[in-house]
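Here come two complexes built around subunit A, the first alongside subunit B, the second alongside subunit C.
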Partner chain A sequence: MSAPMIEVRGLSVGFTGRSGATLPVLRDIDLTVAPGESLGLVGESGSGKSTLALAAMGYLKRGLRRLEGSALYRGEDMFAKSRSELEAVRGGKLALIPQNSGQSLTPTLRIGAQLGEALRLHAGLPADRHRARVLELLGQVRLPDPEAIFDRFPHELSGGQQQRAAIAMALAGTPDALLLDEPTTGLDVTTQAHILELLREIAAERGMAMVYVSHDLGAIVRVCDRVAVMYAGEIVLQGSVRQVLKAPAHPYARGLLASIPRLSDPALPVALGGRPPAPGQAGAGCAFVDRCAIAQPRCRTEHPALTPLASGDAVRCHFPAEAQTLPIAGQGTASDDARGEAPVLTLDDLSISYSRPGLLDRLMGRAAAVPTVDDVALTVRRGETLGLVGESGSGKSTILKTVAGLLGAAGGEIRFEDTPLPGVVEQRRPDQLRRIQLVFQNPDDSLNPRQTVAEILEQPLKLYFGLSGQALLDRSTEILERVRLGAHYLDRLPGQLSGGEKQRVAIARAFAAQPDLVLCDEVTSALDVSVQAAVLDLLDELQRTQGTTYVFVSHDLAVVRALSDRVAVLYQGRLCEVGPSDKVYGLPSHPYTEVLLGAVLEPDPDVAPRLTADDVVELSPPARGCAFQRRCPRKLGAVCETDTPPWHMGAGGHAVRCHIDLADLAAAQAPAQDAVKKA
Partner chain B sequence: MLRMLLRRLFLGAVTVVIVSVIIFAGVEILPGDACTAFLEREAQGKLLENCREAQGLNRPPFERYLDWAAGAIQGDFGVSANGAKSIAELVGNRLKNSLLLAACALGVGVPLAIVLGVVTGLWRDKGIDLVLSTGAIFAMTIPEFVSATVLILVFSVWLGWLPGIVLTSASAPAAEFFPEILLPVIVLSMVMTAHILRMVRSSVIEVMAGDYVQMATLKGVPYWRIVFVHALPNALLPAINVVALTVAWLLGGVVVVEVVFNYPGLGRMMIDAISDRDLPVVQAIALIVATVYVGVNLTADLLTMVLNPRLRTHYMRQR
Partner chain C sequence: MTDAPATPAPARARALSRWGGVLRDVMSRPSGAIGLTLVVFHVVLAIVSPWIVPYDYRAMDATLMLKGPSALHWLGTDHLGRDVLTRTLMGGREALLITGIATPIAVAWGGLLGIWFGLVGGRADEVLMRVVDAFLSLPWILKMLVLIVTFGTGIEVLIPTLAFFYGIPVIRIARAATHDVVARDFVSAARARGHGRITIIRKELLPNVLDALMVEGAMRWSWMLLAFSSLSFLGFGVSPPTPDWGLMIADARGFMSFAPWGVLGPVIALSSLIIGINLTADALAKALGLDRAQKAPV
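Presenting the complex of A and B:
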């Protein structure tokens, strides 16, 4: 084996807490990455994975300091280098691709200038060749029209394009080692899959060493040879991707795998209870002991060492053999199917437009803009969960806002139990307001940070039921217990809760109104997978006990599959496919559904994504014909551009809106599906 | 872009017109008018009638407003009630003096504030930051008349270096105000420097902790290049609006400093005109100050838009 490119030896990093004690964030980390090898770092938020990746560049965020150990690049300690030595290495031979490139590119500099800067610092090219080289790099990351991108500012690019520009910038110094900090988090499924394929190709072509940080095992599987699982600042399991995903020897890794919803599995994932210890709270024994199903007294007193196993893995557990018996998938309960026939919510030919034609436009006879959402007809029955899926910009959240009355409709009708629902909140009766509740994506934004949990819950109780005094307190406690939080949470502020607890409070607030219909807008996408599983489980239980109806919006197709009875697929605000989950996730599919499902990354080394369409970003829907015409891999021809496609009805209320009929779609799609199964 | 510019200019003009109506109406509602003020105790009977006739005060208010506004647009604010001097000339001199004072204070204060703000932001929580930030809080909180008096005591009375009071007449050319103007400039720039410094400091700290500065560091960009190329263009954008408000404040509201130093500026003229009930002068100054506020803020908004690519695209998209 050749000398390691990146090597971390006994590294501990920490900060000084309020009490004055030193609290560790990374504890005694050892890892090596050989040239051409790629190592994945996984773990939940707070596990220290990003800190570790940045520490490999000799960089620590403000407030953190190195306690012990070293981070070597080509055998030289990055923490021992002077500022100018660091500047020479960073961004040159050792480069970073950041999380959220939208914020990592300087807003006041054009893309060309930012890439040119990297070239000037690291490439040693004559200045007159910079422009040509930048254009070449932009082409290599497959950005369309490099000349135009060169002169754009970062905010003028889409999320996927920003990420590609950041990759091009990292490649400017022809690196031999790349650190990737959640490079695809926050991108659409298709964009994510394309970026990962690009990274795979670049890595294979150039033989770079890579450290890939992600919370998403599906992404890790696509690009990494080895994985290190991190928990509470420690590496708890390290081994080959196949071994770690198929037969992990650590209880945490198994719990993590079981909590990931799978596209192929209609059951709910299994939540991993508890939460990781805060820095400095890990105690003398194993950090995972409080959440571990096979914990023994020895685990509380004796800290396990990272021990090599026969399989080639290294695991930090006293009982790796017992750990192997824990389930890693497929043990969750199926989301219930019990539902009535009475429709709770009916959307009839709904269209929504953000741009209102001004007086001037009307006088000049200018045509109104193509509506953002158009021609959406859906029925949601009592006790049912309707999943709304689509990429960003597909109009799924827009529809929720309109149903909630936050945004007026431009046309069509919304009926709530056969009564037409007025368009905006101000015109709705208190009773109608009470019965439709909304849960937002990010509880940090939707909970008032200066109100206690009690105050948050009391609001709907006072407003809708006029409760006060002891009755109010009793009811708040009862609701809190129903979302599995105890009464001692009542006087806490949102800032004192974890992400999952905050989202539960937000759900509790919605259920305090005793709603019939709860609109869930990406409610789990800001949460870690294990927490997400717990929230999904909670939503399912509340539905079973209360008979509540859900409209569940998410960009994550596996999550939607786990919770929904029926699914509607949206593209550019137009419905493509509606039907029972198993029909929508099976064949035949609308070509867009096929593209979406093909791009999903499963945490399984045996399943590769199928990329059948480009990840082009469309800013507005076409004026005529099929909404998906410009990206469709199965486009027929002129008919798709001129005629609105018809609905084809299949079994069990399955409907696909396409010019190709169901039998032809099924015939065309089956071979591709088989090919994947064989692979 | 051009459309946006015209739109903003139009809105600015509408604001000034509305303000002028309010000013005119306000003066109109007050009991008495220019003639009662001018004639004082003799303001009755035939004398008052004649005066009103001569001044055209018997005409309906709307007609007089149009007359006044039309004059104001051409820079003619009529004559002052007492002394019958041209207001344009009186106010013009004062405006020139106020502009001189403001220009000097801005010339000293703005560059100083930005440099010190950047220094305190970059060396946050270090000795130099603690000294300058604490100093800034003192400069902000000590009332101007106190700092002015102390400076006069030190530099004029004890050391005798600088004149403590302005004796030059209002109509003198700008050059004659030196060195008398120095102490007022120092007092004013202390206050404004403190305000702008604190804003620049927090803006620099925020930007330096941002993702793109971390990215630039990890891209191997040298520290000072990060500061000047990546951080400052972003950190200084919010300063433009604060500077604009300071300009407006300097031109309209530095009465205290003008009174303490006997400086013949607009603020003091306004106060004098109010106590003399010289209503045409009050109207004229109020309108000028309002126009300055609108103009300065409009300039700042346009400047921010030109310098901030995000806003630029935003407005381009809106046509």
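Presenting the complex of A and C:
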């Protein structure tokens, strides 16, 4: 093997805490990345993976300092370099692609000018050759029509296109090492899959060394050769992707794998209990000991060293052989509950429009804009979970807000049980308000930072049940215990809770109203994967004990599969497919569902995504015909552009809205499915 | 859970402990420590000055007109032979009393109106904001003089006048801060539960807008002091012989070329108070995390 491109030796990084003690964020890190190799860094938030990637280019966030060790690039210590020496290397030969590229591009500079700037600084090309080189770079990142993109501003590009432009910028200095910090987090599934394929191809073409930071093992598996699993600032497991994903020798890695919901498995994932120690809180022994299923007395007193194993990987565990016995796949219970037939919620031909025709439009006789959500008819039965999936902009959250009464509908009807539900909260009866509750995506935003947990829970309890004094306190405690938190949480503020605890409080607040219908809007997407599993498990338990009905919105198809009984697929505010989960996730599918399922990244080196449609973002739905006509890989022709497709009914209430009938869809899709099975 | 159910700390006690923490944070910053010391010094001085000053502020002495600093008169005497030190030490009393009452009134009415319209929005909000804009575009001294000329001077006119004018910019700040909070999901959650507007303002908005209002209040206070001193300077504030910095500067400025000590005392006193308030407001904004440039180290 040639000399390593990036090498980190015994690196420790820390900061000074309030007490004056030095608290480590990274502890004794060793890693090497050879040219042409890509290393994935994976771990929960706070594990130090981003800090490590930045430290590899000699950069530390304000307040952090290097305690010992070195970070070498081509054999030279980045921490020993002067500012001007660092500037010569960073962004040129050693480039970073950050998570949110929309924010890393200068909003007032056209794409061509930004890339030209990077060329001027790092490539040393004469100015007259910049344009040609920029166009070449834009082509290399597979941006359609580089000439047009050249003259655009960042805000005129979609999220995926911005990320591609950021990659092009990183490539401008012809780097030989690339650091990627969650480059696809926050992008739609299809876009994410396309960007990962692009990174894979670029890495293979150029033989660069890559360090890829992500919390998502499904993404890591697509681009990396080796993986380092980080926990509490340490590398706890390092090895080939196949070894780490198929037979990891560390209990934490096994727990992490088991907590990932899989598309192939309808069961709930298994949560990894507890939380990682805060910096400086890890004791003398193993940092993972409090969460470990196979912990022994020795693990509390003796810190395990990173030990090479016969299989070629290295593990920081005293008992790697015992660890191999822990499960790595979800063995949780399938979410299967008794459901009634009585409909709780019925949406009848619902349409929602953000833009209302102004006075001028009406006077001029201009047509109103095409509604954001249109022609949505759904029935949710008592005790079941309806999953609502689609990419961003598909209108899934908009539908939830309308059902919750926060947004008025433009047309159609919402019925709750048998009575029509008035459009906005101000017109609804207190009883109707109580029985429909909403849980939001981000608990940081849905919990008032100035209210204690007691005050948060008191809101619905006072409003709906008029509780006060001891009765209020007893009931609050009872509800907290039901979401597996205790009474000692009552006087805490949201800022003193972890992400998972906050979301539990938000769920507790919704369940305090004793609702019949709970609307869940991406409730797990802001959480770590192990915490996500615990929240899904909690939601499932609450449903089984309370008989609550859920509408569960998510962009993550595997999460929806784990929790839902029935699934509805939305594209551009129009329904494509509705049916029982196993039917929707099986064949035949609507072509859009097929595209979505194909783009899902499974944490399995043997399953590759199938990319069948472009990741073009559409800003508004077409006025006529099928909503998916512009991206459809199975488009028939003019009929898709002119006629609204009919619903084809299959077995068990499965319905697909397409001009192709179910038998033809099944026939066309079966070969692709077989190919995957064989591989 | 093993813990005994802890009774939640009463909201009032918790709020006090938070402000205690904020106060410690303000004092730990150089700007806050200097600023708050200056402000407290001036307030204490205003309260105790009648008992500690060396002379009667009214005592005139024709033999001592415009005399320079001496052992008996540290800051010299003015054109009527009165002790400048005595008058400087007492010159902030009226200003602090009037602005000290008018500032909370201004923040309260401007803040509540701003929060209400920030929450309700719609056409009424648009109209109100255009009125506020139009109002703010006129020179403040002109507006104030019109009112004072119409209703006369005196504490009973000055307090409502200052409270009225300085409440108007607070509407804007409160409305902007409310807009930031209203966009957050916890307000949507309260709406979806069916809470009324008053409850939403009291429980969800006010606690989150209060920080911005505190900082704005401190800034308004310093502006109001300047305005009051300017009015005194023009002869519309306190009436002689009551000592007041603005009035003293107006009286002494004619002799500035040969008796500069007459303006020096009140100028230093007034500017140190205003600088003190501004430094405190600055440190308060940082302590409350309203200063966007300020970031946590890790």
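In this section, the second predicted complex is superposed on the first by the 677 of 679 C-alpha atoms of A that agree within 3 Å, B and C clash if a C-alpha of one lies under 4 Å from a C-alpha of the other, contacts with A are read in each partner's own complex, and residues count from 1 in each chain.
Basically, a contact is a pair of C-beta atoms (placed from the backbone, for glycine too) under 8 Å apart; a residue touches a chain by one contact, two chains touch by 3 or more.
Computed from a prediction, not measured in an experiment: that's the story for all the values here.
With the two structures overlaid on subunit A, would subunit B and subunit C clash, or do they fit side by side?
Once both complexes are aligned on subunit A, subunit B and subunit C clash.
Any idea whether subunit B or subunit C touches more of subunit A?
Here the partner covering more residues of subunit A is C.
Please indicate which partner A:Thr524 is in contact with in the superposed arrangement: first for subunit B, second for subunit C, both, or neither.
neither
Which of the two partners, first being subunit B and second being subunit C, lies in contact with A:Ser104: first, second, both, or neither?
first
After superposition on the shared chain, which partner residues are touched by A:Arg83: those of subunit B (first), subunit C (second), both, or neither?
A:Arg83 sits against subunit B, while subunit C stays out of touch.
Looking at the overlay, what does A:Glu455 touch: subunit B (first), subunit C (second), both, or neither?
second
In the superposed arrangement, does A:Ala513 touch subunit B (first), subunit C (second), both or neither?
It touches subunit C, and subunit B stays clear.
Of the partners subunit B and subunit C, which touch A:Ser353 in the superposed model: first, second, both, neither?
neither
Please indicate which partner A:Leu438 is in contact with in the superposed arrangement: first for subunit B, second for subunit C, both, or neither.
second
I'd like to know which partner A:Arg62 touches here: subunit B for first, subunit C for second, both or neither.
Both partners, subunit B and subunit C.
Among 6-14, 114-122, 132-140 or 168-176, which stretch of subunit C shows C-alpha clashes with subunit B in the combined arrangement?
132-140
Do subunit B and subunit C touch any of the same residues on subunit A, and if so, which?
On subunit A, the overlap between the subunit B and subunit C contacts is residues 61-62.
Taking the complex as given, what residues does subunit C use to touch subunit A?
1, 3-9, 11, 14, 184-186, 188-195, 203-204, 207-208, 295-298
In their complex, what parts of subunit A are in touch with subunit B?
These residues of subunit A touch subunit B: 54, 57, 59, 61-62, 83-84, 86-92, 95-96, 98, 100, 103-109, 117-118, 121-122, 153, 155-156, 169, 173.
Which stretch or stretches of subunit B touch subunit A in the complex?
Interface residues on subunit B, with respect to subunit A: 209-212, 214-223, 229-230, 233-234, 307-310, 313.
Quick check: in the complex, which residue numbers of subunit A touch subunit C?
Contacts found on subunit A: 15, 25, 61-64, 401, 404-406, 425, 428, 430, 433-434, 437-438, 440-442, 445-452, 454-455, 459-460, 463, 473, 477, 481, 486-488, 490-491, 509, 513.
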